[in-house]
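The letters A, B, C and D name the chains in turn, as written, and every chain counts its residues from 1.
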């Protein structure tokens, strides 16, 4: 009798160990899949068009997604808590114009002040979103759809038909995006550092874990004593802040800014986040995934021009990428659940 | 008495919208002397028809607990189909049928992805929003097809003879009446509400949830294509970028109309009222030459307050009653 | 459920009734506004998009003319170049019974029905910069002879490139009438024997959107490593392209020309990214368009070929075939002369 | 059981009002370390309100909560938690996307000296906790893969990790099989040994007699009795709960079974159940006993067309049929009252009338597909009167009804389809004793009218009393079948736990 139970225990430990591996693999399967897709694109396009593989083009791809990536970090936090921030494009545009216009009107403005003004504006707009969602209890999709309009409208009110162009702003402002540090443009560094900081914070801090809890089961989160309202408010504020910062960088990178800057960015951001495996209903996903999602979409966009595919295909392919990503997610999820169930039955 | 109060509260949103609509009319009249002219109304509703048509099916879809963000892209795709089929020398009636069929097909794809694969409609239609618009651009590039026969373009801008009522508005009114009856009186309408409230319970009650959702998706595609045909006629030009970004406008109309974003609640009457509130506001502001983007401040704020307002009122009310209760119990002690 | 139809009666019907009231008035109410009198110059500019420095400069010209004529000037329009939004604006202006609409079309045909409706209400329609269908306006104020513009740009680039190498065109929207006419003449010019070593590899459409044009230029440079020159016949495009070329340090290696405003391009002309570009003075364009509109309102002209009208400081202009008024030849800007211009 | 003199928790004069309803009227209650204190009462008696006050979800309008003799205020769940009170709610409140360990430590992750989450230590501690409970659970598994019973174990581990001195269990056994209940009780007893005070809320009196040391009975928001368990009998408790003696809980009337209505042969759904065969006759009540997860609900779902069978045959009235959807099942005269009222049974935002007529909408429509509202209301009124649904009228939203009345609405909704076969899945779960008797009366009456009835229930006394025959399922197959005369609790339990095979019975 004792021997049997020992056997059982042994088998149990074994299956538990394999279980850990399974769970770990499942956790990574999305990121791994994206890496494979990324490599595939690079290899396929690289074989046909060798110029694609140049270092300068790689830098170009990273540059083209950096601003989007910074916004996607904030969006990931928001989506993890089972909310969504549709107003990011408007915040980016608003901050971009305000920052660039500040330099235009007062050429002597210090760079730091310009950045601070952009970030502060983003933070204020994010705080308003947060208040409407948490204090006003308006579903995030409704609240931020409203502020998507309202913020853009305010920007138009402020900007009128004015435009800031490259020659209006000091070179130091423009260098914020392009100046190289260790051979790589600053913009890429900003995105990479922010992604690492927030990615690590999500993984290693209690607050980060609580964001997952809120998205996974809001009611249970409240019962567990998590201050959901405060945290959700916080992620909207952070999303606003990061969008504000991204706006300043937008101004620096594109230099020509008017009131329409960054329109429609919200859809690209959400696409990157979703392709990156962040569950649109919260509770699971990682910053790393969202970054990979942005990278894959950016690489596809870039490679299309190398393959001399009409730019009209861009949007269609972006859309298809989202659909493929979520479809694969659905299949993976089914597969995992079946595995878990059969394991339980054993 | 109690019943009356309940009825009132059930329709209070629509009542509020009626007040808003009257306010809009008063405001519009004070802003511009041209606002209350029949000619202005005629032009205004003419410009609203596409959004109005798409709002009808969007209402049904949101009540059923889903969403369709791809409507404007389907509109664009249908417009492009009108263009290329006409260019190819296919007779107009067949062009219209092809455009409607393509729209329905687009809706069917959305519906199949949602029902067969169990994907969230928000994400699916976000994807097809890009996909369908992209296809429209792939097919027609940024060209335009404009040489439609005048019988068709006259439908887009013409009025019922002897009146200032646009033909397209007549089309909308007929559709709206049909939708009101279907949603609020027919068995399928009841099933839509049941699904939006509790999908599982609806399934257990013998409702074919997936079929109904699929039907609604196809309907949404069909109506979006119809809106595309109307828009193509109205501006007598088939373009891939037609109605770019209208999806947000449509969703705003539906939500302001009191449809719960999580499904199960709201009425079409509210949506139609909201449509005219938003259309009237935009028109009034346009008449004093406020640009569309600044108009959007009003629209966005209205949308937020449509949910925020009642919430705040409720919180104040409950806080007051709590205080009254506390005061009362203190007296008892 | 009964309540449903009661509310329907209260709300929806209010609206329908107002419409029905319109039927009672019949179509005659349409013209019931104030008839446009000769002294009342209520002229509105409707550009492709409002936040575009080019159109702002044109507007300042229009304003100047308005001051001289003691008329009123207004500019309205969509924030992004969209034909259907322009239609809404035309409808708004028609309702207001302005005396004239001066329009630059995002799509010649899409605007036509609405403009015709406006004309039917007695509103004068003048197009400038980008024409609409001829029967939907009375006069088109053409900034420059399209043939001149198209050929001049190819000639400038050809000279710079020594007539060899791959070139690309960065246009605005592919529906833009003026762009397509110019591109047509560019292609025609390129077919001449002296350009046999120049290949047009790609026509790219940046949609007059700064970011799109910027990214498209970068893509062009990456995808066509041997690209020697870019023509961008749009002020938004050329500025974005200049910045893009500079950002990858290809200034001087890839020649750029096209249509731009001196203020936007000054930096790039001075640092050598761009040697020469062309443009007419948009201020003068707006000025002339306003004068043409006022002449129409006052009945001085009707749009027939051969009619003449005075345009203030610019002198007298004659209406050509199809109601076209030509502003004059484009100016070519380069390092020596650019500081003489400020717009 | 001798209680140490000092209670951990002392409730004095707790009152709570919701609108016009006085949910609690000056309730006193003491909890001592090392006791299991059962709290019973009909639905609406105020048990849940009290639990939520202790959990920090509601704040009392009046009264005092003392912990260790000191007055405390519990403004939110975190404060209750910090005061050493852990609550296991009816539905587990876990995070499906996160793994077992994180669920235990959510918000309180162990941290290293840099303030970072110390994952390794967390896994170790949770494994240690589970081992101390003698529970085998993989701490790395996401909770969404776990059974309800396992999820409750996670909840208990959470309570333990908090060093809680008070554990409140609000109907923890509602979704558990008898076997799982047994395991849960073993753990509860273990906790009692450690000096934890357990407040145990349940409708199942036999469980209370098995586990509790003392019992408190609530009625209409007041405490009517508190006594050591040994001083009370089931009848006494019930009388105090309902305020009257209950004549009979299971009014079973004998009906002579008619012809075979449903004939299920070798029905198999891969990985769920296999080779299930049984027959139900007109006027017969066939009881389905077994542990939760044994496949009873799953068989019902296949018969009702929600899931598909992989093999086997379903015959109704002798004809073999393919049932692809609930709609098809309804056409063949099958009705199914699902086990989860809220999830599957009702549209909460619909009125009573709207719910009752939902399955038969099509029958009340005219040629244009429009619903005949007058007829709809007549029918709804008729059925709700027949079943004695207590409400302010058929326009009342079902959300506002008590559990028992909601269940009657579900029954009405299915009776309106005129079924010939009625499948009842846990029809009396979570409803109070009074309503339970009414539901039983309705079931008997339906059988007498000639309906074939399948009664799936985890409430053994209910099955034993009501069923003409009892089918016991174990791990996806039929383990035994008994007639009303030969069945007893012990035989069923043996079969349900897999200790008797089918041929033994034959």
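As a working rule, contacts are C-beta pairs under 8 Å (C-beta built on N, C-alpha and C of every residue); 3 or more make two chains touch, one makes a residue touch a chain.
Computed from a prediction, not measured in an experiment: that's the story for all the values here.
> Moving only to chains each one touches, count the minimum steps from chain C until you reach chain D.
Counted as steps through touching chains, the separation is 2.
> Hey, which chain ends up farthest from chain A, C-alpha centres compared?
D
> Indicate the whole-number Å distance between the mean C-alpha point of chain A and the mean C-alpha point of chain C.
38
> Could you put a whole-Å number on the gap between the CA centroids of chain B and chain D?
Roughly 43 Å separates the two chain centres.
> Using Cα averages as centroids, what's the distance between chain A and chain B in whole Å?
Taking the average C-alpha coordinate of chain A and of chain B, the gap between them is 30 Å.
> Note the residues in chain B that touch 2 or more other chains, in rising order.
Within chain B, the residues that touch at least two other chains are 141-142, 185, 291, 293.
> Multi-chain contacts in chain A: which residues touch at least two other chains?
Counting only residues that touch two or more other chains, chain A contributes 156, 259.
> Where in chain C do residues touch at least two different other chains?
1, 50, 79, 205 - these are the residues of chain C that touch more than one other chain.
> What pairs of chains are touching here?
Those chain pairs which touch are A-B, A-C, A-D, B-C, B-D.
> Give every residue of chain C touching chain A within the complex, in rising order.
50-53, 55-56, 75, 79-80, 202, 204-205, 209-211, 214-216, 218-220, 222-223, 225, 236, 239-240, 243, 247-248, 263-264, 266-267
> Within their complex, state which residues of chain A touch chain C.
Residue list for chain A touching chain C: 49, 51-52, 56-57, 60, 64, 156, 159-163, 165-167, 178, 254-263, 302, 305-306, 308, 311.
> Would you mind writing out the residues of chain D in touch with chain A in their complex?
55, 57, 76-79, 81, 87, 89, 93-99, 102, 106-109, 111, 115-117, 136, 138, 140-142, 144-147, 271
> Which residues, counting only chain B, touch chain A once they are in their complex?
That would be residues 113, 117-120, 122-124, 126-135, 137-138, 141-142, 240, 245, 248, 251-252, 255, 261-262, 291, 293-304, 307-308, 311-312 of chain B.
> Which positions of chain A touch chain D when the two form their complex?
12, 16, 19-20, 23-24, 203-206, 209-210, 212-213, 215-217, 219-226, 279, 283-284, 337, 340-345
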